[in-house]
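Quick heads-up: structures coming right below.
Note that chain A is present in both complexes that follow, paired respectively with chain B and with chain C.
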Partner chain A sequence: MEKMKLKMIYSDLKPDIEIIENELEKALYSTSHVLNDASLHLLRAGGKRIRPLFVLMSAKFGHYNIDRMKYAAVPLELIHMGSLVHDDVIDHSDMRRGRPTVRSQWNNRVAMHTGNFIFGRAIQYVSQIKDPKAHQILARTMVEICNGEVIQIEDKFRLNQNLKDYFRRIKRKTALLIESSCEVGAVVANVDPAVTMRLKRFGYYVGMSYQIVDDVLDFVSTDKQLGKPAGSDLLQGNITLPILLMKDHPKIIQFIERASKGIVTEEERLEMLQIVRNSDSIQEALKVSDQYLAKAMKEVEQLPEHPTKKKLRDIALFIGKRKF
Partner chain B sequence: MDATYIKNHIEQLKKDIYRYVQHKTLLKYTGNPLVDENQLFYMLLPFFNGDHWDDEKYEGIITVGIVQASLAEHGLINEYDATSKEQQLTVLSGDYYSGRYYEILANSGNISLIRQLSESVVLRSEHEIRVYEPRQYAIDDWLDSITVIETECISRFYQLYNYDQYLNIMQINLLILRLQNELLNYREGNSSLLLQKMIESFVPVDHLNFEQYLLKKLDVLIQQLQELLRISSIKAELKQYIAERLIR
Partner chain C sequence: MEKMKLKMIYSDLKPDIEIIENELEKALYSTSHVLNDASLHLLRAGGKRIRPLFVLMSAKFGHYNIDRMKYAAVPLELIHMGSLVHDDVIDHSDMRRGRPTVRSQWNNRVAMHTGNFIFGRAIQYVSQIKDPKAHQILARTMVEICNGEVIQIEDKFRLNQNLKDYFRRIKRKTALLIESSCEVGAVVANVDPAVTMRLKRFGYYVGMSYQIVDDVLDFVSTDKQLGKPAGSDLLQGNITLPILLMKDHPKIIQFIERASKGIVTEEERLEMLQIVRNSDSIQEALKVSDQYLAKAMKEVEQLPEHPTKKKLRDIALFIGKRKF
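Entry: the complex of A and B
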């Protein structure tokens, strides 16, 4: 249902998204059977493809040509995919999007090689673009994503962190890649620099909202909807916005302490979910997400008149209101 | 030029690689990037031999070293349990180095080398994952895989800058060094997964066991290398440096 809504928003881009989908499949082709299986397993697990979508929509404000834009759109999705494969090793995750992860189906080493293969393909693909600016944006983003993850590991189970720590972390973890999708799309399509800057900021605000909603969904969705146990973020020690907003709750403090020792029972997990769901922190977190969305909308308003403006607005709203 | 001169340059290159990927947290938990001095020697070989050399090429070999370090870090990940903080940060150090090589080359606009190195990462990953393929490979396929794993990044650098004259020497020498290393580990009972796969593929010929086969193979490779060195136009001191590092 959610995916249907998204598809309706970008219906006029459908042929181009199909091109991207085919290119992704081609990019992931390997002479290795294991790599083919692992990559196609990831590809077929779906995903919203919002990063390529942002690349293409931003490019609409300039000289749009899908034969050129695919060299920017495909790598953005590949970088996202590759980092998920490696994240699953770090988090020891067995399930993603309702399917076994590469590491659980094969092993950690296979996941490392698969991630490296995908990153390699991403860079190989984008090297068709000769403008160094596009590469500088992407490379900086890859480095910053890692920095964000290093900080995330450092911050695990640490309750004495503030909102600033959280925002800095999610900026690097998620917002930067969406911001870069918009910026790279604009740069490759030679969009006017002032417009490029607005698109970049739009991507940043949408990305922040996206991650906050993601963090909320981890508590309010069912295990089935998430394709993994609800509350997994907290079980792994990631202190997200809903928790930061109620970090003085004695039960939460106790839960984090037990989670850090890896001794949480299923009963305790369900109890924690109930506490978070019944608290104000979910609504408070969604308010923060809405504030970012409002900022994103403001950027859209100031873009030049173009049919894509409405789509950017719709996609931002979809992201803010999505259910999983 | 003597061995000290060569070693000093290798040491300097190593320091420069460390400097380019310096990261406080990663350094604390995962240490310096893993670099192989034999590989560094071959990255510098065109410079030692007096070929045209400039800042672009030096920066190029720094990034070649960073790519190798990135993949070497990921080789340290435990197959089934990477949950310790050190292991988690080892995953990230490899990713961080991979981002840094791309960033360095993007900042200097060297898109050609970006392309070459990304292709080498793809090819290396395809060969490294072979040990997990259900398919049976012949022993020569495994030797090809070792060659790709040990030399592909440097080969791409040579090809881009027309240093083809060193290609065969580098490939054979790095293959020899890796096989010698594998043989030592085998004798100590610490065979790598790759060597175990080689043993599985081994079909005894002329009553040779696996160790005897490997020794014979090494002899052949060393002879090939010596012949290549004999006919090569590289400086005599460099030939001597390479020859002195071959354990027979």
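Entry: the complex of A and C
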């Protein structure tokens, strides 16, 4: 249903998103049967294709040509897909989006190479674009995402961290790839530099809001909606915004200590969820998300008049207000 | 000692290889302490830096400028390093080159991201080069290496394979990256296209010889020289040239079947080694390697007169005739 709503927002881009979808399928073609099957398995598992959407919408403010833009939109989705496969390897995840993961359907070895293959294809696509700027943005993004992933490991279970640490992490985890989608889209479509900067910042703010909502949903959604036990983030040591806003709570401190030793019982998990849900920090966290959303909207206001402005606003709202 | 010999071959390139070494250290700098430490740990573990060497030697046939060439030489070594870390993750290897691997010193999660970070840095370096040709070659190489890795998995323990399957695998596993080192070096130094083609083919032939010798050494070297039990390739199901040349031998067929079930005893491994060592197939395999070496030499002969020609010959001989 959520996906339906998203489709309504970008209705006029639908034919182009279909072109991207076909192109993704082409991009994942490999002479190795296993690689081919594993990649298509991933592709068919779906996904909202939000990153290509941001690429295309940003490009609308310049010289929009789908035959050119696909070389920017496809790699952005591929980078996202590649990191999901690798995440599943290290998290030993067996299910994603309700389907078996590549590592569970095949094995870790295949999943590792599938991820690398998808990254390689992403680079092959970008290398079709003449402007070295696009390559530089994407290469830097890939490096920063890895940096972020490792900082996230370093910060695990660490209670002496502040909001700055958290924002630094989610910037690299999520905001950067959406920011880069907007920037690359604009650069490839030769959008005016000042407008490009606005689109880039818009992407950043939307991305920050997106991740904060994600982190809140991990506490307030049902296990079924999440497809995994609620509170999994904290169980794994990821200290997200709602927790940072109540990190002096003795029960939370105790929970984190027990989680770091891997000795949390199901009862304790449910108790922790109750405490977090009944605290102010869920609302406080959503307020921070709203502040980012407001900043995103402000950037949109100052964009030149264009029918796409309304769509950017709608998609930012969709992302910031989603329920799961 | 082998490394000493190699250093004598490229003595006049020594200052430039040192520049590359420093640049590799810079390339691996990260704001994440863990990522920084893990990458430097890898760098300090050494390696022959054969790929940068091929980049630089090829560039000698054109407009050689080390400040420009480093953007080609560094990524080639980085791609090699990144794949080693990832290999250690999926092979659960704890030691490489006599030192603990990143996954054993830290963990699989860190190793996975370290590999991705190194690939990202590789792309960041190439993106400094204006010519999109260089990007395209490297992107294609990365994709083909992954293809090769997965085909290797598909071909494991498979007895109904022929020499063509083997050559296809080692091409992607080894020859392609050496071929690309030569090609990218030549492209970035604006070497004449016909000469570039020769250098590329030279790299391919040397790479094929390199991997065949590697596959032979896995049977004839001591466990100590290899740093792992001799015959490991076959134990893991990799059917290499010496085995393909005697794959109808009933004892070998039996061994592969038992290896595929993971029930090979130490006695059986030693017996298998005896059989392979006493057969003709070691010499036959080395003959095939020599044929590739001869083809490499033929390409060198037809290169324009240049002091680097002798070095290319020396390095090809060094690679083809090495004892471990």
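Observations, loosely collected:
Rule of thumb we're sticking to: the second predicted complex is superposed on the first by the 324 of 324 C-alpha atoms of A that agree within 3 Å, B and C clash if a C-alpha of one lies under 4 Å from a C-alpha of the other, contacts with A are read in each partner's own complex, and residues count from 1 in each chain.
Keep this in mind: a contact is a pair of C-beta atoms (placed from the backbone, for glycine too) under 8 Å apart; a residue touches a chain by one contact, two chains touch by 3 or more.
Note that the coordinates shown come from a computational prediction; the quantities given were computed from them, not determined experimentally.
Chain B and chain C, once both complexes are superposed via chain A, clash. Once chain A of one complex is fitted onto chain A of the other, the partner contacts of A:161 are absent, as it touches neither chain B nor chain C.
By the touch criterion defined above, A:140 lies against chain B and chain C together after alignment on the C-alpha atoms of chain A. The residues of chain A shared by its contacts with chain B and with chain C are 30-35, 83, 86, 89-90, 108-110, 112-114, 116-117, 119-121, 123-124, 127, 130, 132, 135-136, 138-140, 142-143, 145-147, 149-150, 153-154.
On the side of chain C, the complex with chain A involves touching residues 30-35, 83, 86, 89-90, 108-110, 112-114, 116-117, 119-121, 123-124, 126-128, 130, 132, 135-136, 138-140, 142-143, 145-147, 149-151, 153-154. Taken in their complex, chain B has these residues touching chain A: 23, 25-26, 70-71, 74, 77-83, 85, 88-89, 91-92, 94-96, 98-100, 102-103, 105-107, 109, 111, 114-115, 117-122, 124-126, 128-130, 132-135. Across the complex, chain A meets chain B through its residues 30-35, 83, 86, 89-90, 92, 106-110, 112-117, 119-124, 127, 129-130, 132, 135-136, 138-140, 142-143, 145-147, 149-150, 153-154.
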